[in-house]
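Two complexes follow with chain A in common, the first pairing it with chain B and the second with chain C.
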Partner chain A sequence: MTPSTVAFRAILAKDLRAELRTLQSLPAMALFAVTTFVIFRFGLDRTSLSGSLASGVLWATLLFAAILGINRLFVSEREEGGFDAIRLAPIDRTALFAAKAAALLVYLLVLEAIVVPVFAIFFLDSAAALPPLAVLLLLADLGLAATGTLISSMAVHSRARDLLVPLVLLPLVVPLMIAATGASEPLLEMGGPSYERFGTWLAVLGLYDLVFLLVGYAVFDFLLED
Partner chain B sequence: MTPFGSGLRALSLATVAMLALALSLTFFYAPLDADQGFVQKIFYLHVPLAIVALLGFIAGGVFAVLHLRSGDSRWDAYSYVSIHMSVIFGVAVLVTGSIWAKASWGHWWVWDEPTLVSFLIVFLMYATYYPFRYAIEDRERQARYASVFAVTAGAFVPLNFMAVRLAESLVHPRVFATTGGGLPGEMMLTFLVSLAAMGLLWVTLVKFELTAKSASGQLKRLRRALDAPAPGGTSRVAPEVS
Partner chain C sequence: MSTAIELRDLRRDYGERTVLDGVGFELAAGASLVVVGPNGAGKTTLLRILATLLRPSGGEVRVLGARLPEEAWKVRGRIGFLGHAPLLYRGLSGRENLRFHARLHGMRGEAAEDRIESLLIAIGMERRADERVAELSAGMRQRLATCRAVLHEPELLLLDEPDSNLDEAGRELARELAGPGEGRARVVVTHDPERFLAEADRVLRLEVDGSAALTEGALR
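Take a look at the complex of A and B:
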């Protein structure tokens, strides 16, 4: 193993262990998402959802829940001096970006493993759309992990951290949301999933992931200078 | 000596002349559009503004890359002013686009129009540049993070145009496509002159802002040297230019 992979594994394991012991982010994210579903049930006055309404409610809720976790992603590093330690250690700084993005990806996947079944129980007639939806969720999470990690690592050094993450991240993930909702709308249609333009949207999601993982990889060094 | 100010007078005169030429061509030379009539004249304002604003955002990203690679704060000033000017042009694009939409489709805003929606999203993205930049206190860090933002947003622009275009139907007035493989000669000439005029206007305003920033930076340094506090405390007008 190269030093970078060792560092990557160590930071990722540290993050997951810290989350497991303190439970700072995940329970809050899950609770927020479920409560938002309840609010949508009354806000829209529907007891079942399908098509564009279902995909809109699902993705908007997941995005906002994700922002809660993204806000907190680097707080411990800043408060406990993690950034200084990384700067002192003779490792590639990109390992921190990769590890944090991987940790965020794990959070999002766990969140969705809890929340999407709840969504299906609350609003959907059948679970037939869930397997293809899982593919979409994985690709969208990857993009969200890349952009979220990048923005969070910058916002944590500002005066207005909690304000900046949603402010900057929301416009940045608009293309991701367009592709994700576009693909899941026919999946969630009444009378079984259909795969209209599914491949096109998957390609857009993949391209988004690729571009922002590369951008994150390229610029992350500059965020840890000084 | 202020290198930002050199040639500013000649550039300003050229811009005024070019703008006057573009407007006269628009109103007295270009033929009326058979389909939309007089309203179509806003095309010579709206489209060049939009093209220049988008190119300005790209320029901001390129300057940001130069800043990150060299660490020279001058490039950060270029990047900041480019984005700043393009956001201002962006407001004009949205307003003129809205007027054109009202006149030719009957609504101030049309959602199934990919170019309009893409531009709005890009505009919203770059509008967050200011709160983002000013929330970071350390000057050097602020410049670096702003450059990272500009690079990220630069990568976002083409992706966004692609995603929005895939999501919407195509009803934009295709001025270039509907008239049989391009604009007729007079319209094309007017359009190109308007584009050049808007480009010159952008460059002139960018140079003016850089000159003003550099002058106020020098003034601040002189005050500091004389040990006199600046009136009204520290300014938040970033970035300082040497």
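Take a look at the complex of A and C:
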């Protein structure tokens, strides 16, 4: 194993262990998402959603829940000296980017494992759309993890972190949201999923993921400089 | 004897304010330098520059033969840094924190576990090592931070107020771990020079105007 791989695994394990103990991010994200679904259910006064409306409710909720986790992603590094510790170590600093993005990806997957079934119970007539939706969620999560990690690492140094993250992140994830909602709209149609342009949207998501993972890899080292 | 640190005309600005101006000295490998001066004189800034955590605004800095900041990657892992913050995660135990730092520095397996255990015993923390750092007193965190700083057996130790929060017993134990000897160079920033003068080879006094005065010769 290379030193960077060791560092990646050490940072990821540390983050997941700390989250399991302190539960600072995931419960808040899940509670927010479930509460938002309840609000949509009563606000829209509908027991069933389909097509673009279902897709919009799902992705808007997941995105805003994700922001809660993104806001806190680097707080321990900032407040407990993790940035200095990593800068003092003989490792490639992009290991920190990769580990944080992986941690965020795990948070998002756990969040979705909890709240997407709740969404299905609240709004869907059948669970037929869930398997293809899982593929879509994984690809979208990867892009959101890459972009969110990048923005979070920049915003964490500011006292206005909670304001900066959504302000900078939301415009950047517009393409991702367009692709994710575009792909999930036919999946969530009344009467069962259809796969119209599904492959095209997946390709767009894959391209988005690749671009932001590469941007993160390229610039993260500079973001850690004083 | 090789040189651990070479500074020439070091300058560091924060915006329009110059904190260090024309600071220069050399420190031989294995020697100790004590840095004193009033608040705001740039002592911590100097230490962070030497640790590769801050970029100098001007001048020439060489640490362990590497020119900073261009060759900082060459010396990371060879420096032990004990700053104001203990660099410990509050949600993890002391032992987990040390394991984390050991892995960052490429130490693994039984050798790493043995090293961690011996340090915990040396600093008197072996019974509290599995408690979360959040539950420990400031003095105990400082003891663990001392272990963290020397964990990877660095060639250069940079210590910023290493005695802070420590009781007398803790000071003695920390001195055993991070004191002079074993051929490593040390830079100690302190407001209590009396305590460290006996073990200093050189003393650097920084002033608020950014200037510096070096006392030469062996003091110990």
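We take it that the second predicted complex is superposed on the first by the 226 of 226 C-alpha atoms of A that agree within 3 Å, B and C clash if a C-alpha of one lies under 4 Å from a C-alpha of the other, contacts with A are read in each partner's own complex, and residues count from 1 in each chain.
One rule holds in what follows: a residue touches a chain if its C-beta (ideal position, glycine included) is under 8 Å from a C-beta of that chain, and two chains touch if they have at least 3 such contacts.
Every value quoted in this text rests on a predicted model; they were computed, and no experiment measured them.
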- Task: Report for A:22: first if it touches chain B alone, second if chain C alone, otherwise both or neither.
- Result: second
- Would you check which partner chain A:138 touches, where first means chain B only, second means chain C only, and both and neither mean what they say? neither
- Message: Is A:175 touching anything from chain B or chain C once the two structures are fitted on A? First, second, both or neither.
- Response: first
- Message: In the overlaid three-chain picture, which partner chain does A:85 touch, first (chain B) or second (chain C), both, or neither?
- Response: second
- Scan A:204 for contacts with chain B and chain C and give back first, second, both or neither. first
- Task: See if chain A has more residues touched by chain B or by chain C, and give me that chain.
- Result: B
- Query: First (chain B), second (chain C), both or neither: which does A:225 touch?
  - Reply: both
- Message: Touch test for A:60: chain B only (first), chain C only (second), both, or neither?
- Response: neither
- chain B and chain C footprints on chain A meet at residues 225-226
- Query: For chain C, which residues are in contact with chain A within the complex?
  - Reply: 51-55, 73, 76-79, 81, 83, 85-92, 96, 100-101, 103-106, 108, 132
- Query: Can you name the residues of chain B that touch chain A in the complex?
  - Reply: 68, 121, 124-125, 128, 131-132, 135-138, 140-141, 144-145, 147-149, 151-153, 155-156, 159-160, 162-164, 166-167
- Provide the residue numbers of chain A that touch chain B in the complex, in ascending order. 147, 150, 154-155, 157-160, 163-164, 167-168, 171-172, 174-175, 178-179, 182, 197, 200-201, 204, 207-208, 211-212, 215, 218-219, 222-223, 225-226
- Under the touch definition given earlier, write down the residues of chain A that touch chain C in their complex. 3, 6-7, 9-10, 14, 17-18, 21-22, 76, 80-82, 84-91, 225-226
